[in-house]
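Beneath this line is the structure, given in structure tokens, with notes to follow.
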Amino acid sequence: MACTADGVAEAVRGAAAIVADHRVELIDLDRAIGDADHGENLNRGFTAVVAALDEAVPGTPGGVLKTVATTLISKVGGAAGPLYGTAFLRASTTLGDRAELDAEAVVLALRAGLEGVRARGKAETGDATMVDAFTPAVAAAEEKAAAGGDVAAVLLAAADAADVGAESTVDMVARKGRASYLGERSVGHLDPGARSTALLLRAFAEAAR
Amino acid sequence: MACTADGVAEAVRGAAAIVADHRVELIDLDRAIGDADHGENLNRGFTAVVAALDEAVPGTPGGVLKTVATTLISKVGGAAGPLYGTAFLRASTTLGDRAELDAEAVVLALRAGLEGVRARGKAETGDATMVDAFTPAVAAAEEKAAAGGDVAAVLLAAADAADVGAESTVDMVARKGRASYLGERSVGHLDPGARSTALLLRAFAEAAR
Amino acid sequence: MKKIINDPATVVTESLRGLAAAHGDLVRVVEDPALVVRADAPVAGQVAVVSGGGSGHEPLHGGFVGPGMLDAAVPGAVFTSPTPDAVQAAVMATAGGAGTLLIVKNYTGDVLNFETAAELAAAEGLDVRSVVIDDDVAVADSTFTAGRRGVGGTVPLEKITGAAAARGDSLDDVEAVARKVIGQVRSIGVALSPPTVPHAGEPSFTLADDEIEFGIGIHGEPGRERIPAEPADALVARMVDAVAGDLPFAEGDDVLLFTNSMGGTPQIELYLAHGIAERLLAERGINVRRRLVGPYITSLEMQGISITLLKLDDELTELWDAPVNTPALRWGV
Amino acid sequence: MKKIINDPATVVTESLRGLAAAHGDLVRVVEDPALVVRADAPVAGQVAVVSGGGSGHEPLHGGFVGPGMLDAAVPGAVFTSPTPDAVQAAVMATAGGAGTLLIVKNYTGDVLNFETAAELAAAEGLDVRSVVIDDDVAVADSTFTAGRRGVGGTVPLEKITGAAAARGDSLDDVEAVARKVIGQVRSIGVALSPPTVPHAGEPSFTLADDEIEFGIGIHGEPGRERIPAEPADALVARMVDAVAGDLPFAEGDDVLLFTNSMGGTPQIELYLAHGIAERLLAERGINVRRRLVGPYITSLEMQGISITLLKLDDELTELWDAPVNTPALRWGV
């Protein structure tokens, strides 16, 4: 699949589908250490994103990501809404009006998204948040692109690294978000936002295959 | 045991003990078709009765029963408080200032008590209330007394008949008290007040042995 | 059982202490026998309105003591009618020389104990009348039952009767207003989960995850019928049908709609149900002129709601709107 | 899960319809984005006080909209902060020309969404400030957490801030009053049972029959510590120790004591706990000058309570006493 506006829109639809499939899992993860809404929030948001794309697909990949960003910001709420919203917004801005994305552009977008999340949420790696999935994902993507990987390879590397990063939150004491209220009791739980980040990246990798 | 004031007071203490022992059972019976307080109410009342008798035992059986009546009326509440209170009050009034009770006096007291309950509560036999235990008990007592039975025999007959009468409420549709709200759903349940009447009579029979 | 209590035997007294501490400006609490009395009682020249019943239905009745509503409330043990001496003490403490109206919910225990109290008070030379509220349409009003229960209608009854007394009505007139309310108020309740009586220690009934008790009372006694759980639209329609069809309430009637939480219902669900009831009544052409929404007559932690309709005329509306200043209901002051 | 709802996705909207029907004289409801706005908004020349947050905590915040308290409330999905556009819409709907104060509870989601809304509103040329309430002593206020949560203190904060706006204070002064309240209010919560989020369909946590979550929040997130069930005297003492020891509140201090039900607590238990807290504070020489008891900031049907102490001075006392006329709090009118 080409990384045009339509291709990115397809990938986003794939992400929406994966979020819907994992809605209950994400709720359950959030119930254990938070307030049981993460899967519901993301699903509400991505359902609205698909509806927006059904209306009209913007002309550029950046335009598509901007639609994703503004829709998530106005539909998700909670912590994940502004965080994912900012990530997609920064990625969109970085891409400008490129018509098609190559591996380098994908890496730039991922990096911008990560920096957006970090700027908004002020979390470091090790705080047991989505940053712990996102950070290694971007690093792996950059490495793969530097080694000449194409878009599919770059996204696959990102998704694989995000999985590992998400898993790493199980052993952490949460220091940001709702799970931080639990202190030591947060240990032993997979962070729902880290899990959803890994799921989204997996969806994009699948779409790019 | 002689049916003097002291003997009657002893019998009442026995009744209080049996109520305490069956507190949970009476609560459970009442929970099934009522509001789960019958055992608690009676136990609160008889605990107060014992405390009153600890203070001073009146000089006559009628006096003892009057203490029981007024204490139950001011401590039990609910339906059972006025009903049992009236029963003991009428029994007490009937006995006047007799110093010792024979079988005939016991029968008079029982009859007066039953009439008191019926006057207050307006229940007929078959309505699934304490009247269904009390009515056959009084009939059996009268029969036994007419046949020359002594106090112990009379009370034993009453207690045995009350047991049977109480059991008969299981098959009835309740028409009085809280269980009547259930309509047909009240069938299959032992009425708590019928059960407590049988227990009280059993305690008196035991004391008279 | 998990409860914020020390001992089932002292729950009522300890809770009354909290009420006294929180609302000492409005009420005075007596511990033995347990009474909640208007801080400024007796009010000379005014009919005293006294109610009471088992505890566990808070804010009923103690939370309704104060200017414009009750002069005294007599709390019994949990779910147990108070005793005659306690009721009599409340009558004595609030007698202002214009007579007393007792508001009694129709349960055998309440009726018998209040009856005795009225006799005792009459023997002391006081003019005491009683009215018995029996608004629960779930119970057949026949000789096969103890009669209909007094439930949600008790709240508007106490408010309106108290307002009549506050405006200086005679005992005859206060009683007449109370009887008018009783004649045109109807209620129905449902439970989604049972209450747990402290001294019993176990839930009063068990319901499967897909069952609802329809026609529940306020004492954890089982309802009239067990129905499958259903969406709020269907459940509230069933309730409105039962209540509106009983009096019956007709097109063009003005009503007070009281949507009550049984204690443990989330407020978000309570208002949701209220909104449905408003819509259904509008569809029937019944005009909701006044409303009350909240936990006002409860059954401990029971989840569920009740819906009460009171047919309004100008007098009842005016009395409903009149100032009231109690721990649980306050307006116009 | 058994709830009086039609569909988890429409719970908030349908409940708001009930609120609008019940309190149309006080509030106006907008459905998309969901807003509860004072019926007479905007109030010209007066600072607008706007709050909001996830739903499921009713009456917070929509029940506190009306003269003397909030100009608007922005309800998010259940337990989910509302989005910036909704907050911005509330700001626009209530802007009376004297600026807006946003009251934000300290949760990552609320802070981020309200922050963005403030930026959006500022871009429209409006003077919008925010205060963040973080009164929950159960959470360590350190870089190892997202900071203390905003819980019970939110209720007196909204009341007092609204009163400052109503008396005509400038935005600077309203903000200063709000910051004063935040500086001297502290809370702690406990849960005996979990809430069930409609879209989740299962209880948010499980507690054994002899366990209590100490230091619970208002979103069904587990508490800080799980302790064995204990008598009310011990539990309330533990709570009072935690709260009073934190500011700390000292002998001779005047305070507002707010004993809050988390939603499913029987009122008889709530008042019992309140009475104990009054006694314990008296023993410490802390003077309870004002009190509030009831379900005012809840967590759906969760059983439990929270205790909030606010140190009072003459200004705060006067603002607390000032008239308020909202669905859930009303006095002086």
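Chains: A, B, C and D, in written order; residue numbering restarts at 1 for each.
The rule is short, and it goes like this: a contact is a pair of C-beta atoms (placed from the backbone, for glycine too) under 8 Å apart; a residue touches a chain by one contact, two chains touch by 3 or more.
Chain by chain, the UniProt names read as follows: A, B = Dihydroxyacetone kinase subunit L; C, D = Dihydroxyacetone kinase subunit DhaK.
Every value quoted in this text rests on a predicted model; they were computed, and no experiment measured them.
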Chain B reached from chain A - shortest hop count over touching chains
3
Taking each chain's centre as the mean of its C-alpha atoms, which one ends up farthest from the centre of chain A?
B
Using mean CA coordinates as chain centres, what's the gap between chain A and chain C in Å?
54
Between chain C and chain D, tell me the centre distance in angstrom, where each centre is the average of that chain's C-alpha atoms.
29
Rounded to the nearest whole Å, what is the centre-to-centre distance of chain A and chain D, using the mean of the C-alpha atoms as each centre?
32
Quick check on chain A: which residues sit in contact with 2+ other chains?
none
Residue numbers of chain C (touch at least two other chains):
78
Draw the chains as dots and join the ones that touch; what shape do you get: line, ring, star, complete or other?
line
Those chain pairs that satisfy the touch definition:
A-D, B-C, C-D
Note: in the complex, chain D contacts chain A through residues 9, 33, 54, 76-86, 107-109, 112-113, 115-116, 138-140, 143-146, 149, 197, 199-200, 202, 204-205, 217, 219-222, 224
List the residues on chain B that touch chain C in their complex, please.
27, 31, 33-37, 40-41, 44, 73-83, 120-121, 173, 175-178, 180-183, 185
Residue ranges of chain D in contact with chain C within the complex
1-7, 11-12, 14-22, 55-56, 58-59, 63, 78, 192-193, 195, 207, 209-210, 212, 229, 231-233, 235-236, 259, 263-276, 278-279, 288, 291, 293, 295, 298, 300-301, 303, 305, 330-331, 333
